[in-house]
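Some structures are shown below for you to check.
After this come two complexes, each holding chain A, first together with chain B and then together with chain C.
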Partner chain A sequence: MKRILPVAISAVVGLILLVDYFLKVPALKQTATEIQDWGLIVAAFALALAAVNLLLIHGKRIAKKDRQSIHSFILIAALLVTTFSGIFIGTRSGVFDFIFRSVFTPLAAVFYAMTAFHLASASYRAFRAKNLQAVALLLAGVLLMLGRAPIGEVIWKGFPKIADWITNVVNLAGSRGILISTAVGTVGAGLRILAGIDRSHLGSGTE
Partner chain B sequence: MFVAGRVAGLVTVLAAFAFVLLGLSFARKRPMRMRPIPGLLAVEEAVGRATEMGKPIFYSPGYADVAGTTAPPTLAGLNLLAHVGRLAARYNTRLVVTVGHANTYALATEILRNSYIVEGKVDQFDIGNIYFTSDVQFAYTAATVGLIQREKPATVFLTGYFAAEAIVLAEAAAATQSLSISGTTNYFQIPFFMAACDYTMIGEEFLAAGAFISNNPDLIGSVAGQDYVKILGILALLLGAVMKSFGNNVIFDLLKR
Partner chain C sequence: MKTLQKLGQIDSRVIYALLILALLIPLMRPLGLPISIGKHTQRTFGVLDTLQAGDKVIMDIGYSVSGAADVQPQTIAVLKHLFGKGVRIIFVGNQTEGPMVIESLVKPYEAAGKKYGVDFCNLGYLAGGENAIASYCRDLKKSYPVDFRKNQTSSLPILDGVNGAKDVKMFVFFTTQNSDMYVRQITQYKIPIVGGLINTISPQAEPYVNAGQLAGILVGLRGGAEYEMLMKAPGVGVASMDAQSMGHLLIIAFIIFANISYLATRRAGAKGDKGGAK
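Moving on to the complex of A and B:
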């Protein structure tokens, strides 16, 4: 029963939402909307559970007073200040606005900006000509950079054309292949779960 | 009756379902074999590496939800987590997990608990090793990168749904000299994983991980069914290209319906 019930619920709910997406069935419209609302309610409970676990785990870590306690303390303090300022003072209050605009947004922007440096270091490792595939990658990378950077066109007018060909023919063919196979795989994975063929996400073991 | 613009999608889903069932029935009659996927073959080696080095294993299925468009890769990541969890429990190796979404956190906790129960080591299961971070992309990234840098794991698994944070996480793994195994369906991030990780599962390979690991004939049969759909898709593509070249738009118009 513990195994059958979740599979049955997944199948029924999935089927209703699929039918509602593809067909105009007025009788199902309301049910599909209700199910999506239930999803939000379940997510809210999951969030409360996760927040409580977060407080318990990091509370224990602070009590231990090891060298990582400071991280846990900062996390709990930030969580409580953000939550209480949002609930009791309001999301348009100065405190909440400060946290969002002056702390969260710049930090997120910094992380996003850092991807450029990570890309450079990853490219440095990947572009080492160790074998034939790496040589092809290196060549494509160099030609693409020369084609996209203004200096490439100054050196030779053919570089932008080669770069366009690599992007629009070689790269597009490969990426579309991956995209189509991923789309088919996604549909297959969904159907396996809906039909109850794949139950490993319910913790039924994988071996 | 039919929603305009979604008829072709409905036919594709129905065809996929029929072919998945066909593959399943073939697999039950005659055992099928999946081609080896290097990233999955390396899982046991990766866990063994951590055990030998006495360092933890780090795993993240990403910051996404188990609902909506991010569900398939996140669930595939959780499937692999169950397997890695069992290996970690078997070899008494610490497994540290970060999860970004509350729904995924609840599921990951239960899946891992079950892995330890199956291995008879439920006393070793520590919920404190599963970190709920944030479903905000770069908050999750900051927490995960920090954890990788502090824990210095021997092995890092980044298998699930990842966006721009993929390269940051993969580079954090490389900086700690961890063996890294990645997999995602987000094809914009696959090149970054390919460049920065030791093993990368590309798109569908990753979604088929559960079938490969379990060696379950039903699951392998369903993956074979997907291949039949792909063959059909390739034939439709070729036919459509030839017909379009001769000015016939039948397939082109059918797909737009």
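Moving on to the complex of A and C:
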């Protein structure tokens, strides 16, 4: 029963949603809607669970009183101040606005901006013409960079055309292939789950 | 030969310092490089320009603050276009920071006289990713009984007669994620879907544009800059393009240095081997 019930629930839920999506059976509409709403509630609870998990993990680290404790303390303090200011003072309040605009926004922007520096350094170290495949990757990368930035067009009018060709022919063919094969794979994986052959989502692996 | 080989051993800190300069100088003293309009931006502008005053659209803000650098200029330019035409916008957030990003985007328009609840509304964030999109597209008011500003959505005039995606003229999204989930969930409502994407994700969206499932896409910072040019209102996108150009040129220069060094080292190695064989 412990094995069959979860598989049966997965199969029934999956079938209802599939039939509702593809066939639009009026009798199933309400049930499908309810199931999707449950999904939203579970997702919302997952967020709360993640916050509790964060508190537990970093609470333990603070209790250890090692070098990393200060980081965990800052994280928990930030989490609590942001959460309570949002809940009790309001998300449109000055405090919450200050946290979002003056603390969170610049920090998040810095993290994203840092990737540009890592990318520059990584390109310098990794883009080496070691073999034919590496040369193809190198050329495509350089041509796209020149074709997508205005400076490329200033240097030579042909760069944007080459970049467009790479995007519209080479990339499109590859992306379409990946997309279709992923879709077919997803159908296969879905059928395995519906049939109860694949139970990895229940934490019990494949039979 | 040794000098050439040393080109491949430049310290990361030197690369970082030069990149900062390459990005900062054009931002402070713009070069004014010409920006041609790409076909995606032209097409997207044409699609959005078909909207009339009073038309309602759903706009999904699916990017976090960290990804804003690439997508926000597009969002700002499109908002300027749509609000300028009198289009009414129903904002939803697909990322936890979405509602706050929306508040910052609409602030200047609200100050200029656009009315909350009439010209636009911010429904807030709905957890669940693709499931959330499916849910609010099917029944907006059930998914969002209360908006981000704590109003009952049933009391918002902008939502009169709007029960889901089938009741709006268009669906517009800006995201740092894949466009797949939007295509999967919204195509069934037979409304045009327009997406603003980051550079690295856009290649995956090309098949959808080619198949007509996406009516148009804007690609990265350049997409935003091109849209600003079409609007004849240069903004943050155009201002950033010179910096991007210089950044790209510097990276290409470093790649060339690295490969000259690599070839020189390989040549020296081959000569050494021959010498050894003799």
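Simple rule for what comes next: the second predicted complex is superposed on the first by the 173 of 207 C-alpha atoms of A that agree within 3 Å, B and C clash if a C-alpha of one lies under 4 Å from a C-alpha of the other, contacts with A are read in each partner's own complex, and residues count from 1 in each chain.
Operating definition for what follows: a contact is a pair of C-beta atoms (placed from the backbone, for glycine too) under 8 Å apart; a residue touches a chain by one contact, two chains touch by 3 or more.
What you see is a predicted model, and the numbers here were worked out from it, not measured in a lab.
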Which superposed partner A:128 touches (first chain B, second chain C, both, neither): second
First (chain B), second (chain C), both or neither touched by A:168: second
First (chain B), second (chain C), both or neither touched by A:146: second
Partner chain(s) touched by A:18 [first = chain B, second = chain C, both, neither]: first
Which of chain B and chain C A:46 touches, first, second, both or neither: both
Touching partner for A:179 - first (chain B), second (chain C), both, neither: both
Touching partner for A:92 - first (chain B), second (chain C), both, neither: second
Touching partner for A:112 - first (chain B), second (chain C), both, neither: both
On chain A, the residue positions that both chain B and chain C contact, one per complex: 21, 39, 43, 46-47, 104, 108, 111-112, 119, 121, 123, 125, 175, 178-179
Parts of chain A lying in touch with chain C, wherever the complex brings them together: 21, 33, 36-37, 39-40, 43-44, 46-47, 91-92, 100-101, 104-105, 108-109, 111-113, 116-117, 119-121, 123-125, 127-130, 138, 141-142, 145-146, 148-154, 160, 164, 167-168, 171-172, 175-176, 178-179
Chain A contact footprint on chain B (complex, rising order): 1-3, 6-7, 9-10, 12-13, 16-17, 20, 24, 65-67, 71-72, 75-76, 78-79, 82-83, 86, 102-103, 105-107, 109-111, 113-115, 118, 127-128, 131-132, 136-139, 141-142, 146, 150, 164-165, 167-168, 170-171, 174, 185, 187, 190, 192, 194-196, 202-204, 207-208, 210-211, 213-214, 218-219, 222-223, 225-226, 229-230, 233
Interfacial residue positions of chain C with respect to chain A in the complex: 10, 12, 15-16, 19, 23, 33-36, 38-39, 64-69, 96-97, 99-100, 103-104, 126-129, 131-132, 134-135, 138-139, 142-143, 148-149, 188, 199, 203-204, 206-207, 210, 220, 222, 241-242, 244-252, 254-255, 257-259, 262-263
Complex interface listing, chain A residues touching chain B: 18, 21-24, 39, 42-43, 46-47, 49-51, 53-54, 57, 60-61, 68, 71, 104, 107-108, 111-112, 114-115, 118-119, 121-123, 125-126, 175, 178-182, 184-193, 195, 197-198, 200-201, 203-207
